[in-house]
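Two complexes are shown next, each including chain A; its partner changes from chain B in the first to chain C in the second.
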Partner chain A sequence: MLRRTRTLLSVSFAHMLEYRAELFLWMLASVMPFIMMGLWVSASSDESANYALGPLEFARYFIAMFIVRQLTMIWVIWDFEWHVVEGRLSPYLLQPMDPVWRFIAGHVAERGARGPFVLVLLVLFFVLYPDAWWVPALRDVGLCVLAVVLAFLLRFMMQYTMAMGCFWVERASGMEAMTFALYMFLSGMVAPLEIFPPSVREIAMWTPFPYLVYFPSTLLVDSAGAAAGGLDIARGFAVLTGWLVVFTLLNRWLWRMGLKHYSAMGA
Partner chain B sequence: MTRYLRTLRRFWSASFSAEMEYRANFVVATVVSVLNLVGGVFTIWLFFTGRDDLGGWSMTQALLVMGIFTLLSGVSDALLVPNLSRIVHFVQQGTLDYVLLKPIDSQYYLSTRNLSPWGLPNILFGLGVISYCVVKLDLPPSAFGIAALAVALAMAVVYSLWFMLASITIWFVKVYNVTHVLQSFMEAGKYPMSAFPHAYRVVLTFVIPVAFMTTVPAQLILGKAGGDWFAIAAMLAVGLFIVSRLWWRFALRFYTSASS
Partner chain C sequence: MIEADNLSKSYRVADKQPGLMGTLRHFFRRKHKTVEAVKSVSFNIEPGEVVGFLGPNGAGKTTALKMLTGLIHPTDGSVSVAGHRPFARKAAFLKQITLVMGQKQQLLWDLPASESLRINAAIYDIDDTEAKRRIDTLAEMLSLDEELTKPVRKLSLGERMKCELLAALLHNPKVLFLDEPTLGLDVNAQATVRQFLRDYNKEHEATVLLTSHYMADITALCERVMLIHKGSLIYDGSLDGILNQFAPYREVKVELAEPITNGQMDTYGEVQSIDGRVARLIVQRDALTRTVDRLLAERDVCDMTVTDPPIEEVIGRVFTDGVAD
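Up next is the complex of A and B:
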C-alpha cells in the first residue's frame, strides 16, 4: 500500500515537472485574489469607509485565499472527461486499483511542482507590501491545514461526482461551468463573508462553497477574530465534513451505476 | 472585399450548424451568464455597503463598466475563444500548412473561421446593462452611438492582444495557456480603474491595457473623458491591430511544419 502510494506519487510528480511552463502560466493566471485585494484595500483605506474589515485585514485575507486556492486547485472533471472520451479509462478499469487514486495522486503531486512558484510569489508579495506580514498562531495554522485538506477533498469530490455524468453524456464539464459561477461568488473569492449581508451569509454558510475558500483562509488569518465576528468554527467543520460525506456517497453510487452503463468509447 | 464577406457568411453558417449539434450548451451558457451577472452586480453592490462610491464612480456608473465587460466577454466567447484557441492545434498537427495555402489571408481565416452562438447570452445581457445605465443616467441618445464606437475600439484592443498571445504557439507549442493569463487579468476590467491602487493602475494601463477595454469606453459614454481620449483609444486600437498583423507575419517566418 505504502509502496504503491509512493510509486504513484513519484510518477505523477515526474509527469508534472514536464509541464513546468504551463504550471507557471497557470500561476500567473491566478491573479484574481490580487485583483480583489487591490479593490478592497483601496476601498477600505478611506477614512469615511465603513466595512467590517480594515485594509490590512483585507490584504491578509486575500493573500491567505491565494495560498488556499493554490492548494485546492482541482481539474479532475476535465481529466476524467478526456479519459472517457478518448477511451483511456478502460485500461485503468482492468487494474486492481480504483482509478480515483490516480487522479488524486496527480493532483497531490502537482502541488509539489507548483510549490516553488507559490513561495516565490509570496516572498515577492511581502517584500512589496511588508505591512501585510503576519505570523499566524500555531493553532490557526493547524486549523487551516485541517480545513485545507478537507476543502481539497470536498472540491475534488464535488467535481468528481459531476464528472460521473460523463458516463451518460459526452460533455459533463458544463455542470462544472455552472457550479463555478456559484463557487466564484459564494465561496468568498470576491469578498470575505463578513462583508456579506447577514442573511446572505447565513444561507451561504449552509452551502458547500464557503468551506472551499473562505473558511480555510479566514482561519489562517485569525481564527479568534473570525469567531468573534460570528464564525462558528465547530459548526463550520461539521458542515464541511457533512458535505464531504454526502458527495463521497453520491459519488460511489454514481460510479457503480455509471460503470454498468459505460460503453468504453474508442476501445 | 466582397469575397471576404462572402466567405465570412459561409464560415459562420457552417459553424453555426455544427454548433447546433450541441444545443444543450445553450442552456449551460445562459445559466452561467445569468449567475455571472447576478454575482457581478452583487459584488459591486458589496462595495457600496461601506461607502457611497467605487473609486469615485456611482453604482450605476460602475454597472456600466460591468455591462461593457459582459458584452466584451460575450463577443470573445463567440469569436475569439472558438478561433484563437485552435491555432495551437493547427501548429501541433501541422495543419497550419493547409491554412497557409488557401487563397485567403491566413490571419483572417484563423480569426473568423468559427462563430460560437454560445456567446449570445452575454452579448444580450451586456447590451441590456449598458442600455439600462444609459437610460438611468439620463444620457443623451448620442451616448448609444458613442458606446458602439468605443466598444468596437475596445474589442480591437482585446482581439489584437489575444491574437498575438495565441500566435506565440508558433514558437512554443506548450504555452497555449498564455491566453488564460490575459483573460484572468481582464477580470480587473469588471471594475472602474480608479478603484484600484496606483501601482495596479499603472500595470493595467501600460502593461496590459485593461483600462482601455472597459473603463475608457465607459468614461467616453459618460462624457467623463473628452475627444482626446477618443483619439488615444483609437490610436491604441489601430496601432495594436497593425502590430498584430506585423507580428503574425514575423511569426510565420519561424513556422516549420510539424508534418514534414
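Up next is the complex of A and C:
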C-alpha cells in the first residue's frame, strides 16, 4: 500500500510538472479571492458601513480563503468524464486497484507542483499589503490543516459522486455546473458567512458548502475569535465528517451500480 | 481456461436522423433501438491455446472481449475465465488477465513508458528487483531499449505498441485478450509483435484470444479460429476447416499452348481472369476431377496447377457474399 502510494504520487507529480505553464495559468485564473477582497475591504472601509468584519479581517479572511482554495481545488468530475468518454477508464478497471486512487494521487501531487507558485503570490500580496500580515496560532494551524484535509476529501467525494452520472449519461459535468452557484454563495467564496443574515447562516451551516472554504479559512484567521462570534467548531467538524461519510457511502453505491451499467464505449 | 455459455449482449442506442430536423426531434423526443451485439455465443478455450477471433467491423468481437474481461456485464448467459466470473472483478482474476487494444492506450501519454511500468509494478505487487528483471526480459524480446525512457507521445506507433505490450504483460498474465494488436503497424513491427506473442505464449503457456484484420496475424499464431458474424458464432475450428466448410471449391490455373479467347473457358468453371495463354478458374470441388480430365482431353494444356483459394479470400467471401447468412 505504501509503495503504491509513493509510486502513484511521484509519477503523478512528474505528470503535473509536464504542465508547468498550464499550472501557472490555472493558478492565476483562481485569483477571485483577491478580487472579492478588494471589494469587501473597500466597502468595509466606509465609515458608514456596519459589517460584522472590518477591512483587516476581510483581507485576512480572503487571503486565508485563497490558501484554502488552492489546497482544495478539485476537477475530478471533468477528469473522470474524459476518461469515460475517451475509453481511458477501461484499462484502469482491468487493474487490481480502484481507479479512484489514481484520481486522488493526481490531485494530491498537483498541490505539490502548485505550491511554489502559491508561495510567490502570497509573498507578493504581503509585500503590497503588509498590514494584513499575521501569524496564526499553532492551534489554528492545526485545526485548519485538519479542516482542509477533510474539506479536500469532501469536495472530492461530492464531485466524484456526481461524476458517477457518467455511467448513465456519459457527460456528467453539467451537474457540477448546476451546483456551482450554491457552492459559490454558501461556501463563503463571495463573502464570509458572518455577514449573512443569521437564519440563512444557520441553514447554510447544515449544508456541506461552508465547510469547503469558509470553515477552514475562518479557523486559520482566528479560531478563538470565530468561536466567540458564534462558530461552533466541534459541530462544524461533526457536520463536515457526516457529509463526508454520506457522500462516500453514496459514491460507493453509485460506483457499484454504475459498473453494471458501464458500456466501455470507445474501448 | 475460458468458457462462454450462451453469452449475449444487447445495447440500447439512441437513433438520431441526420439534419437540423433530426437534431431537434432527437433533442425533444429521443428514439432508441436495441442492438443485439452478441447472440448466444458458446465456446471453450483450453489453457495454452491461441485462438483467432475473426469477424467484420461491428460483428461483436470487441463486445465479446469486453464481457470476457469483465468490463461489461452480459445481458444473458454465463462466462468463466481462469475459474472466475469476470465482472466480479476480483483482484485474483485481474492479476491473471490482460487486455491489449491496438487502437487504445494505457500508457501515460506525456511521460516515458518507464513511469507507467513503475505504476504497474506497484499495482501488481511486483518488487523492484523482479520488475526490473521482467522489464529487461520483455524489452529484449521486443527489441526495446531507450524507447522506454522517451515520452510516449514522441514514440512511433510501432514503438508505442511494443511499450503497450510490455506494460500489459509485466504481471505475467495467464490469459491474453488482444484486440487488433498490430493495427496500423508496418510490416516489420507486425512481424516483431507476432514473434513476441509466439514466444510469450510458448514461455508462459498463456491462453490467447486474438482479434485481427490481418490474416497474417491469424495464420502465424492461431491453429484455431472462431468466426463471428452479426453477433453469432458461425464457425469454431481449425483454419483448414474453414476451407472445407466455406470454400467447397479449388482454384485451377491452366496454361494453354494457344492464346485464350473470351468465352472459351466458361464451360469449365467460374473464370476469375484470363491473361494471354493463362486462365484462372474457380471449380467446385466435387467437379474437380471431371473438369481436369475434360481440360486435358479437350485443350492443348502446357501447365496446370490446382490450389486452395487464399484463406483471406475465403473469409472475405464468408462475410461479404452472405455465405454466413
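The rule is simple: the second predicted complex is superposed on the first by the 267 of 267 C-alpha atoms of A that agree within 3 Å, B and C clash if a C-alpha of one lies under 4 Å from a C-alpha of the other, contacts with A are read in each partner's own complex, and residues count from 1 in each chain.
Assume a residue touches a chain if its C-beta (ideal position, glycine included) is under 8 Å from a C-beta of that chain, and two chains touch if they have at least 3 such contacts.
Fair warning: this is a prediction, and the values are worked out from it, not measured in the lab.
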**OP:** Scan A:Gly87 for contacts with chain B and chain C and give back first, second, both or neither.
**Re:** second
**OP:** Using the superposition on chain A described above, determine whether A:Trp255 touches chain B (first), chain C (second), both, or neither.
**Re:** neither
Original post:
Taking the superposition as given, does A:Phe13 touch the first partner, chain B, the second, chain C, both, or neither?
Top reply: neither
Original post:
When both complexes are superposed, which of chain B and chain C contacts more residues belonging to chain A?
Top reply: B
**OP:** Report for A:Arg3: first if it touches chain B alone, second if chain C alone, otherwise both or neither.
**Re:** second
Original post:
Does the superposition put A:Gln95 against chain B (first), chain C (second), both, or neither?
Top reply: second
Original post:
After lining up the shared chain so the two structures overlap, which partner does A:Phe237 touch, if you call chain B first and chain C second: first, second, both or neither?
Top reply: neither
**OP:** Check chain A for residues that touch chain B in one structure and chain C in the other, and list them.
**Re:** 19
Subject >> For the chain A and chain C complex, residues of the former touching the latter >> reply: 3-4, 6-8, 11, 14-15, 18-19, 87-88, 90-97, 259-260, 262-264, 266-267
**OP:** Write out the stretch or stretches of chain C touching chain A in their complex.
**Re:** 11, 66, 69-73, 87, 89, 91, 94-95, 97-99, 101, 104, 106, 108, 110-111, 115-116, 118-124
**OP:** State the interface residues of chain B toward chain A in the complex, per the touch definition above.
**Re:** 22, 24-25, 28, 31-32, 35-36, 38-39, 42-43, 46-47, 49-51, 54-55, 172, 174-175, 177-178, 180-181, 183-185, 187-188, 191, 195-197, 200
Original post:
If you look only at chain A, which of its residues touch chain B in the complex?
Top reply: 19, 21-22, 25-26, 28-32, 35, 38-39, 41-44, 46, 48-51, 169, 171, 174, 177-178, 180-182, 184-185, 190-191, 195-197
